[in-house]
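Note that the chains are named A, B, C and D in the order they appear, and that numbering of residues resets to 1 at the start of each chain.
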Amino acid sequence: MTYKYPSAAELGALAASDFVAAVGPVYEKSPWIAERAHAKAAPFDSLTAIDDALWSVVSTASEDEQLALLREHPDLAGKAALAGDLTAESTDEQQRAGLSALSPTEMAEFTALNGAYTTKFGFPFILAVRNASKRIILGSFRRRVGNARGVEMAECLAQVRKIAWMRLRLLAPPAPTGKLTCHVLDTAHGCPAAGLPITLRYLGGTASASAEPVLIGHFMTNSDGRLDGPALSGSAFEEGVYEWVFAVGEYFAVRGTTASGTPFLDQVPLRFGIDNAEKHYHVPLLCSPWAYSTYRGS
Amino acid sequence: MTYKYPSAAELGALAASDFVAAVGPVYEKSPWIAERAHAKAAPFDSLTAIDDALWSVVSTASEDEQLALLREHPDLAGKAALAGDLTAESTDEQQRAGLSALSPTEMAEFTALNGAYTTKFGFPFILAVRNASKRIILGSFRRRVGNARGVEMAECLAQVRKIAWMRLRLLAPPAPTGKLTCHVLDTAHGCPAAGLPITLRYLGGTASASAEPVLIGHFMTNSDGRLDGPALSGSAFEEGVYEWVFAVGEYFAVRGTTASGTPFLDQVPLRFGIDNAEKHYHVPLLCSPWAYSTYRGS
Amino acid sequence: MTYKYPSAAELGALAASDFVAAVGPVYEKSPWIAERAHAKAAPFDSLTAIDDALWSVVSTASEDEQLALLREHPDLAGKAALAGDLTAESTDEQQRAGLSALSPTEMAEFTALNGAYTTKFGFPFILAVRNASKRIILGSFRRRVGNARGVEMAECLAQVRKIAWMRLRLLAPPAPTGKLTCHVLDTAHGCPAAGLPITLRYLGGTASASAEPVLIGHFMTNSDGRLDGPALSGSAFEEGVYEWVFAVGEYFAVRGTTASGTPFLDQVPLRFGIDNAEKHYHVPLLCSPWAYSTYRGS
Amino acid sequence: MTYKYPSAAELGALAASDFVAAVGPVYEKSPWIAERAHAKAAPFDSLTAIDDALWSVVSTASEDEQLALLREHPDLAGKAALAGDLTAESTDEQQRAGLSALSPTEMAEFTALNGAYTTKFGFPFILAVRNASKRIILGSFRRRVGNARGVEMAECLAQVRKIAWMRLRLLAPPAPTGKLTCHVLDTAHGCPAAGLPITLRYLGGTASASAEPVLIGHFMTNSDGRLDGPALSGSAFEEGVYEWVFAVGEYFAVRGTTASGTPFLDQVPLRFGIDNAEKHYHVPLLCSPWAYSTYRGS
């Protein structure tokens, strides 16, 4: 992936007018958000810091300003899209979600839902569609049109922030502060799972990526059940979808658990998404030969 | 897969001499086990019942008989294998585990370990190798040669039972009593996860199978978070390795959890092995947008 | 506990005027809610059905009606409380939460927060305080005053529903449709935990109850790891706080796990609250000698 | 508790004859174990180091020596106990387990089991009974008498080690290397649970202790969901049974989860035993408003 700016820090250090030109579009047709954020808190050393500053402006803006922001957004699969009248960012997002290729029935439902929603609430339905399927989008649309206005206003603002984050991270690589770590506990014996082989693969930028998985590396847990360092860190750590595969069957076989011939757990995959590569993701495994769990740790 | 006997029940209903001819070889060169089991408990209506009866004979046999059984087993990667002197079953098992293609260094270690083990314990090292890798076998061998004799005798008997089970299930299809069920709980909201799409695939007869996954079906959880019936049952339920994939990201997106653009959990795979297709395997998922667990349930 | 009505069904079968007299006050000074619910859906066979019908009226009311409902609520620890001007229900709730005995500092903070909140949003801060401590109330107040108006309006309506539910269940005993069930899985061995002793106690109507625990019964899991029937059901199943204690140490000791002299897990307590005794609560335990988990199941 | 030796290090630094006099009795009438351990590895800086050295001698002794060790043990509730002929250590252990107060029926079963077991295996049934109930002891006895001899020999040796450890830790306080730590993860939001109040109590030296719980302290999780240091460490960290209570209900209430009036999870107790106070026990909580899990971590 190529970026317009070589680092998050250089993007965050731009002078006001350049900053607004670069970052302004992440909030749809609302450059005032980038202007205020820059005035209040520049420079920024990470994408996360820029995102936080922008969101701080939005969440403390007046209700009228928030409504104005929402109203700058186009309908999903609406007239503006048909007419080719969207911003470049919106066009790309709607195409990726399959909204540029709807059947007549789907188009009719979108039109009806857009109408009902805007009439009820006074602002358009907003959903961060970059990684969503038509099915998720329609399901969400049908549910949300029944919500109370206050709930929907809060939901739309949260979606607008998600859209802004996804646009922001296309501008520059993340600051090299993130990392991916692991830990394996053997819950059958109450100890770290030492000597357990792990493979890590990158499955692509989104969950639905059809690209071939990329092998990142083979690892072995140490005596504390951890890797000797992060599996990924700094500029090698990118957003996207990853998968650990833990050789749980081998671990328990060597440690003397007489499993069946086809063990219940053998190669255990954990698939997880990294949304902000400037953060620490700790993704551990707790396992016995018959049960396991995982979670986003810290 | 083709079987010599059309059903577990027909195998289990054979007259004594036929039963011993068919089932005798599952315990290496020890037909007395099948003889006694038949005399005591025939007929049998399932592979599980045959396995239980055979094991009951072994576990209540005298210590001398148990030792004799162990001593009928060949060394792993030993002289008998080199000389082509193994039973058909042992040859197949050792080849599948890669023991017919050892490097000189590996061969030397096997020879040394075989010698040390037999000298120390008076019986050969036994491991059910059908699905094991050289790495698991060597790791297990190095560890177990340091055990106490009583522990090793018990371990070898347990391995012999595993070998017997894996041989037994090649003789006839399992009785149609098994099934695979599922349940999904939403631990973020404390309720069944209704309307969650699930895909089930068969990955092959062993964990290391390189064959293409076979799609078994697409499912959707009902209002209790369950499938409307077993995902597999009766003769359609075979031993081997399976994988559920749960559309957790879609479930939470539609239900109003504002996840990040690349959700931490989206497509969640659970990969598990079925060793005895005559049993009920309940393989549930407990999940929030940030954590999940699974276990062999009942 | 004594109730004014002998059963949820009798309460739910009252004629319109009696129903509004009885149920009207569960939504503060807003009898129109009970009127509309009765007109639309009476009779009701359970407290849950009444609660659902009332909430359906509230959630589909106009924004002006919803605001009017919110504005009927008194300030927490406000002037009306000092003047003895609250409804009987509000007085009782605020006293239970300790709001009738505030220090001058606490009173000053409440007054300031009440003022800031009402000025910002145009309706009073609402929190279902029956079981809350001053600490929870103040923490929640400080956080929520910073929210957006739409979020707060939705939050207040949700709190109003909670208050209504807590008032409603004081009127009549729950319909005898609820039950409490259990299941114990042994995750070290991948099987139901059979023969595990369990004790159930009732800890009182609220988490902070200082009353002595009441022994409800001793149970033993069956071969499927379950109790032979519900631990509690029908009229014996009351809202409040319960505690299972599982004899996990004994279970694993008898099953041959050589634990340490003081096992890591021995008597495992699970403490949980029942808010709606008309529902099914399935509260299972998944455990190894070194790890366990529980969840609200179904 | 008063100890004969002021520290594990002083006990571990004794000259050979004093060491054997002090430590010899931890393995029943078998001072040769302490002699060899001292000769091979003294001095020792912890009880754990002494235990490891003693066990290394036992596990590498000849089968005849191991059998001799087992045969030094008295029958449980046997003739030697009736005649007052036990070592002081055995008398104390059998009394604590209630074996000095058996009914005639219980005594008859013990006598029968002792006879059957010794006849079958050639050594007495051994179980570390210090913290066990009659029920656990009988359940274990009935099961184990059916085992194979090798399995029982290994089990008895493991029990002998447990007995030795429990005796050893009566001689001197543990080395101050242990500690107790905690971590709370919010699995509903995928983040550390910051600002969650925790209480720690000491419930006594054994699980069945009837003494009043002793409050050790109140804690609050920091921004990483951890305590700022160990909850207990060094000489303050004693073996025995402890209980965390986590204010999960308060945590989620303040963070904006609209729970029900009686939350499903409010005060969450985790009760756990510390068997070796020289080790690090990490006892975390992973929780949502509807589910939680814990495990012995590292």
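By definition in this document, a contact is a pair of C-beta atoms (placed from the backbone, for glycine too) under 8 Å apart; a residue touches a chain by one contact, two chains touch by 3 or more.
It should be emphasised that the depicted structure is a prediction, and the values quoted were computed from it without experimental measurement.
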Practice task
Could you tell me which chain lies farthest from chain B when each chain's centre is the average position of its Cα atoms?
Solution key: C
Practice task
Tell me whether chain C and chain D, two copies of the same sequence, contact each other through the same residue numbers or different ones, using over half shared as the line for same.
Solution key: same
Problem - Approximate Å spacing (C-alpha centroids) for the pair chain B, chain C - result: 46
Handout entry: Computed distance of Cα centres, chain D from chain C, in Å
Key = 38
Completion exercise
So, in whole Å, the Cα centroid of chain B is separated from that of chain D by 35
Problem - Contacts with two or more other chains, residues of chain A listed in rising order - result: 185, 187, 190, 264, 286, 290-291, 293, 295-296
Problem - Contact footprint of chain B on chain C as seen in their complex - result: 185, 187, 190-192, 224-225, 286, 293, 295-298
Fill in the blank from the handout: Given the complex, residues on chain B that touch chain A span 128, 130-133, 135-136, 139-140, 143-144, 155, 158-159, 162, 165-166, 205-207, 239-241, 249-250, 253-256, 258, 260-269, 271-276, 290-296
Problem - Contact set on chain D toward chain B in their complex - result: 59, 63, 66, 148-154, 157, 185, 187-190, 264, 286, 288-291, 293
